[in-house]
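Pasting the structures in now, so scroll down.
Two complexes are shown next, each including chain A; its partner changes from chain B in the first to chain C in the second.
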Partner chain A sequence: MSSLDPRIRRAEPELWTLSTPPLDSLEHWPTYEVFVQRMRGGHAQHVGSLHAPNPEMALVLAKEQYARRSQCVALWVVPTEAILWTSPADEDLFQPAVDKSYREPQGYLNTRERLEKYRDRLQATSHD
Partner chain B sequence: MIERLETLVLSLADDELIIGHRHAEWIGLGPILEEDIAFASIAQDETGHAQAYYQILTDLGLRTPDEYAFQRKASEFRCAHLVELPNFDYDYALALMRHYLYDAAEQIKLQALREGSYDPLAGLADRLLREEKYHWLHATTWIKRLAYSTEEAYLRLKSAIDQLWPYAWMLFEPLPEEAEIVEAGWIPPSSVLRERWLELIQPTLISANLFPPPPASETLLPLQGARKGLRSPYFDELLQEMTEVSSSEPGAEW
Partner chain C sequence: MYGNLVIRPEDIENWGKKVHEEDPEKLAEFEARIERGEKIEPQDWMPFEYRRQLIRLIEQHAHSEIIGALPEGTWITRAPTFRRKLALMAKVQDEVGHAQLLYSAAETLGKPREAMINDLLSGKSKYSNVFNYPAKTWADTAIIAWLVDAGAIINQTTNSKGSYGPYVRALERICWEESFHLKYGYDSVVYLATGTPKQRALLQDALNRWWRPIMHFFGPPDNLSVHTEKLVKWKVKLATNDEMRQQFLDMYVPKIWELGLTIPDPNLRKNPETGRWEYSDPNWDEFWQVINGNGPCNKERIAVRRFAEEKGRWVRRALLESQARYVTPLA
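For the complex of A and B:
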């Protein structure tokens, strides 16, 4: 069925597909990973990826894809191929083999009480 | 005084409204998704600029933005013919070249208005220049990228600028009663703005071997009168399409 949209009818996209030759290498654009810095001094946060012919165009296109709606003070783009990553199959890398809860924030709970207890004990021993 | 102000503001606003409409005709048809979104967003920005310009007139007790956009006769519009040109066979080089030539001109006009004596216009120009920065970055990045890529890309840009050049030149056709408008300090003469525009685009276009000589006066002659209400042959169809929805239910709330 042909489109009801007059723009589409004028542009006759069905003719494009009929006459479009297979993509050549120039049309296979690389991807870039996009990072948004939401405030000055803040860290850049990964927000997604996009296709672009070169890094400059990646920045230009990233602005409308990823910085249109929310606060942004700077954009970064990085060629996806520049990024090394660990395989999800290796996620056991990140699992501790023994209890390492002391590395977690709750390892620092009650620090003040423990410190005060320690001080009290020190005082008690010095009076001896 | 108010008639002259309306002449100036409509020349700015109608250019924005109509180029926004023409750019929007590319929605869904852009070369890749990312560019489709970016160009559609630029189209929306331009339409928003038009609305803000019309509002200046509304604040003076003249018509509302919707009335200006959707309830005027063709002969009441004051846009340049460059923005009325259709997208023809949807060659993206033509769309990008028009975007480049137009946004260069818009930037020059906004910078001049910002220094002008009419505060509402100067204040608005200052705000619009922020968005214009991105439009210009988008346009120049594409033109530079394509001009130095393949022979096909160069030839498409070349044919686009050859077709658009006289129309772009006529973006700076003097306004009716321009002497009085300049005297009021609202904006410098069109001839001065055209010189600034040429200075802005010349370096890029010359180094890309895309800079045409000034159009011959006999080429420009049939393009005259846009700022007095003479419309190009493409305008009526555009206006009919643009007002199709609003005229189906006049006065509807959106």
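For the complex of A and C:
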């Protein structure tokens, strides 16, 4: 092959034909989800996924793919199939069924008001 | 409701449907979400046409990254200094990494990675035309790293405002990495432009050869480009080809002129009345010729990919069956 690249001229790719059939479209390595902890004390965050033949290789490839150019103190890989998740289509699962203001700070907004009213009342009686 | 959804054609109820055959209520809700600026995620309902167009777009983008490593890779063994060699290797590694990110994003839409690789090798899937041209000298790598990457950044920054979550997230990371490529490319170009007369001539020659493919880079002019209206509404396409080309000319022509280089188009000028760049017809026939396989390097690019795919196939197959053990015959 009259390539400009000496490596390609040496490899002579045009002379290579293997008799093995191409891999079937579903014959691929399983996927792993990758999490990166960017600094000590921080959360590990999901950054993407990759294909790997086993967990050890997933870690090696994740280092190349997701920690190559950015700060990273720890890397996690998890087989995608090990993750159980809910779909964003079901986000109403997380809406409270009844008023739960009693368990939120916003449920306690008139405390100060009550105290001030009480003080006003006290002042009014002392003037009498 | 909970679970491990494997997205395969048989799991997608509207696979193969035309837009007018989709459930009108779901379609309206989908379009309203995009209108509100929400991101669409893999598990969300989407019209099949949206899925199909995104697979096509992201897959082509991934192929462009992996093939795009080849023209520049030509010069790794002959880089002029060790520092340039390290930088070029890092850049090429980044491009291959971008392909991995993009293949993963395309896979979330239901096309397996092996299917994408097989379609690249059979010629069914395309990649960016610009990579079908040869990098004849070291100066070509400088022009590629500066101007082709500048074009890619404009394209990718535009697409990163799109509606599909996994693609947008991949693009954000890619754009961040590309900023090094642009700096490295500009530094290489300026080094040659401020060098000896021979170095300047080498650079001018490279610019002369790459200008036309760069003008082709954003695709055919808007009046010749098909499928856009729906894609604009769905935020798959966020700027027209001509808009991106104008943006590129606005940003880079002054920088090229500042170096005292000549752009090989006597008609190139910014019309002060319209504020738009005018240029000679960059020969769109050549563009179509190259897309259809008749460019100077199409055969080599695919041959190299096929070589890599076939030589690595046994490894990938062997590791698929990692549980298989050779057992000595009993008798």
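Please note the rule applied: the second predicted complex is superposed on the first by the 70 of 128 C-alpha atoms of A that agree within 3 Å, B and C clash if a C-alpha of one lies under 4 Å from a C-alpha of the other, contacts with A are read in each partner's own complex, and residues count from 1 in each chain.
To be clear about the criterion, a residue touches a chain if its C-beta (ideal position, glycine included) is under 8 Å from a C-beta of that chain, and two chains touch if they have at least 3 such contacts.
Being a predicted model, the structure only gives us computed values, none of them experimental.
By the document's definition of touching, both partners, chain B and chain C, reach A:P53. Of the two partner chains placed by superposition, chain B and chain C are both touched by A:W29.
With both complexes superposed, C is the one of chain B and chain C in contact with more chain A residues. By the touch criterion defined above, A:L84 lies against chain C but remains apart from chain B after alignment on the C-alpha atoms of chain A. Of the two partner chains placed around the shared chain by superposition, chain B is the only one that A:K63 touches, whereas chain C remains out of contact.
In the superposition on chain A, A:E113 makes contact with neither chain B nor chain C.
When the two complexes are overlaid on their common chain A, residue A:D99 makes contact with neither chain B nor chain C. The intersection of chain A residues touching chain B with those touching chain C, taken from the two complexes, comprises 5-8, 11, 13, 26, 29, 50-51, 53-54, 64-65, 68. By the touch rule above, chain B contacts chain A in their complex via residues 25, 27-29, 32-35, 37-38, 41, 86-87, 90, 134, 137-138, 141-142, 145, 149-150, 241.
Contacts from chain A toward chain C in the complex involve residues 1, 3-8, 11, 13-14, 16-18, 20, 22-29, 31, 47-51, 53-54, 64-65, 68-69, 80-81, 83-90.
Per the touch definition, chain A reaches chain B in the complex via residues 5-8, 10-11, 13, 26, 29, 50-54, 56-57, 60-61, 63-65, 68. The touching residues of chain C, counted against chain A in their complex, run 1-5, 41, 43-45, 70, 73-74, 77-78, 93-94, 97, 100-101, 104, 107, 112-115, 118, 121, 134-136, 169-170, 173, 177, 180, 300, 303-304, 306-307, 309-311, 313-314, 316-317, 319-320, 322.
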